[in-house]
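Chains here go by letter, A, B and C, matching the order in which they are written, and residues are numbered from 1 within each.
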């Protein structure tokens, strides 16, 4: 068990810069999820930590030791791959034992460790099988087992669930969480799936274009997204954005959609008329007879427990509202919605950064 | 009708007559293919006079055992007498040597070219590739000169080593190595396997099918070598059987001990034909894939 | 062309390459270089001195009626071997590809001749066609033909062609069968629905689809006939009678080993190298095209 520190890690492939200096400190036993759209550099970051890729700049420190220049095998890490990467010609047992065998552990100890991990993952009956005789979920477990038996300082997960079907994914997600908790191994987990990120991570790193946009707990990120990208990336359906300008005194915003919202948490600094972007999540625009927000309905998605309504506001900006399942507006209708003032997020219209009081 | 269902599901239902015709033609082809072997096999069981008269028996004679024992222990050409057991052994050594040698050096060089990055990688690759264009027959005289200078004429080394470098096997392995997923290499790196360990524990076991297929092809290639052994062996103890038969025939004198030559031919055919028939699946795979 | 993930290692890759490179250098490049050098030298009758003569050996070669004879023999021989073995191989593959009972058995019974060395194939056919002991020789003579390939050059050429083509039929059969089995059945079914007869379907659909295979086999068979058939000729006719079956490769052997005319033999080797390189280049162009399709 150990801490992980990533200090100013940069990576370029030729002239293309894919990581612009990432800093991250992971506490002992903590599970950090790196989340972001494809191409944001999250996998590269993970591979640099693993030692499979060499950083162009910066340092990687595991358990207090600078491992930036070390080979993967000398970093005391274990990794679970997206496509499992099991050795096709070895049995499940041999797959799990291989790393230990190379490290020269005594036979008995290898047997004990593999058995223990297999029990933990409920794959003990499969130990003699070959990977091709296993289902996707079983292969995933074996891949996890291979990581667990090593008892490493650090677990690395590279989108381990993305090859599984939806139901299995939810199940394995819970299992990974439980295992990580009980083993208490520091973990770095990469995914593009925000639900996975929210449920698994003690803290998240939201990445975009080779930059860590925000590093915080899932709820912090949900409640106080650092910028428009994070606000739009976390949450489904995503947060709505409406353009507006700062009112004199910074106490609220005048929206292009034709009404004003006040800032309950305090005034923002800046000259009146400054361009702003106001963010409001779909669940925070409840229907209200006298609501100022007039939504012309385009598309209705009844989900049973709730109804998603997509439409346009008078400024021709699109907006999605999450309404009670009992409501079924028709396309073309105009709905009156309120805005819960306590749930308003304020971003700079220029930089997209969050503006706090 | 139901019983025919599986056999007659061609594009268009074929008439019974058509089917018989196809069987007839194929049987004829098989018969023509087998004919020379049959005549040879029968001839090898008769005595010298029966065969030499040109009677061409079509049924086995009484001298089978005697003839085979004679060629196996003493040999039987008119002016060339090397026991078949010596020639067979030499042929086996040569064929196995070429097979093992080619596979070994090709596996290693393909591994280097695929799994490493080093200065001159492409130059080496092309050096190997270019040898595709230089079959041994083309450079036979100068290669012979090299062998004499190295004092390797009349030796197993001289028979085998010049024939084990070839691009085909290297290219086949290279092609296969390129299909090994990157993640497998990465998993092995994290498990702590270095390049040679990965080669031994992962690459070799995964290559067994390809190795087997190639081994069949190369064994036949090695067994059937002719010009090279003809050139560099002049002593009976290094004689191989394919060249040996040609020497037994000599200038085709009618007075030759044909029955013994036939027996020797049958023995010379057995190993490669057995390999092809018994390992048909590997053989076809190896053939079709090495030539791609 | 290249893996993303590789191992680090400075010396190791060179060590791995060393055996193959060493053998290639000693037994491929050195001799090839020697051949090119020697082809421009001429030795005195006692082999004591050699003088540089430039391209004279080549000029002499192409002025030598014997060499030109070997050239035309090679063309006739290779052309016939390639044509017959491809035609018969294709015919048999088409038959065996039909869905009939025992197709696999036929397959096994048709591919084994591939295992037989050209020299052994020659021996087998010799037993059938030998003027004194051969069954076929007798039958042919029964029809009033004076069969004796030891005297008649045309007959000798026919016999070496049969012996050389026979085993190659199996090779072509294997490739054509693989090619036929790769043709999607739906294409043939569509043609059948369009009302094309079986023969017509073959010539208008199957044969064009097999053309890459056919072209590939043409090159391979030509290379085979150029070089690998040495054993068949050596065992059957030794280039005779009166050089009627002397091919280019056989002449290299005779001039270099029997007559010890090293300069000429080396020049002939160089000509052969050029021929192989040309054939290989043709094949690569075709492979390249195949990749683009």
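General observations
Here is the rule we go by: contacts are C-beta pairs under 8 Å (C-beta built on N, C-alpha and C of every residue); 3 or more make two chains touch, one makes a residue touch a chain.
The shown structure was predicted, so the numbers you read here are calculated from the model rather than taken from an experiment.
The touch graph of the protein chains shown is a line. Put simply, the chain nearest the middle, going by average C-alpha positions, is B. Taking each chain's centre as the mean of its C-alpha atoms, subunit B lies 16 Å from subunit C.
Between the Cα centres of subunit A and subunit B there is a gap of 59 Å. One inter-chain figure worth recording: subunit A and subunit C are separated by 63 Å, centre to centre, where each centre is the mean of the chain's CA atoms. Chain contacts: subunit A has residues 52, 71 touching two or more partner chains.
Taken residue by residue, subunit B touches two or more other chains at 186, 189, 194, whereas all remaining positions touch fewer. The multi-chain contact residues of subunit C, meaning those touching 2 or more other chains, are 5.
By the touch criterion stated above, subunit C contacts subunit B in their complex at residues 3-7, 9-10, 12-14, 16-17, 19-21, 23-24, 26-32, 34-35, 38, 92, 95-96, 98-102, 106-120, 122-128, 130-135, 137-138, 150, 166, 169-171, 174-175, 178, 185, 188-189, 192, 198, 201, 216, 220, 223, 227-228, 230-231, 234-236, 238, 249, 252-253, 256-257, 262, 265-266, 269, 272-273, 276-277, 280. By the touch criterion given at the top, residues 7-12, 14, 19, 22-23, 25-26, 29-30, 33-37, 39-40, 43, 51-54, 56, 104-106, 108-109, 111-118, 121, 124, 127-128, 131-135, 137-146, 150, 161-162, 164-165, 170, 178, 182, 185-186, 189, 194-196, 198, 220, 223-224, 226-227, 230-231, 242-243, 245-246, 249, 251-252, 254, 258, 261-262, 265, 268-269, 272-273, 275-277, 280, 283-284, 287-288, 291 of subunit B touch subunit C in their complex.
By the touch rule above, subunit B contacts subunit A in their complex via residues 181, 183-184, 186-194, 197, 201-202, 205-206. Per the touch definition, subunit A reaches subunit B in the complex via residues 50-52, 71-73, 77-79, 81-89, 98-99, 102-103, 146.
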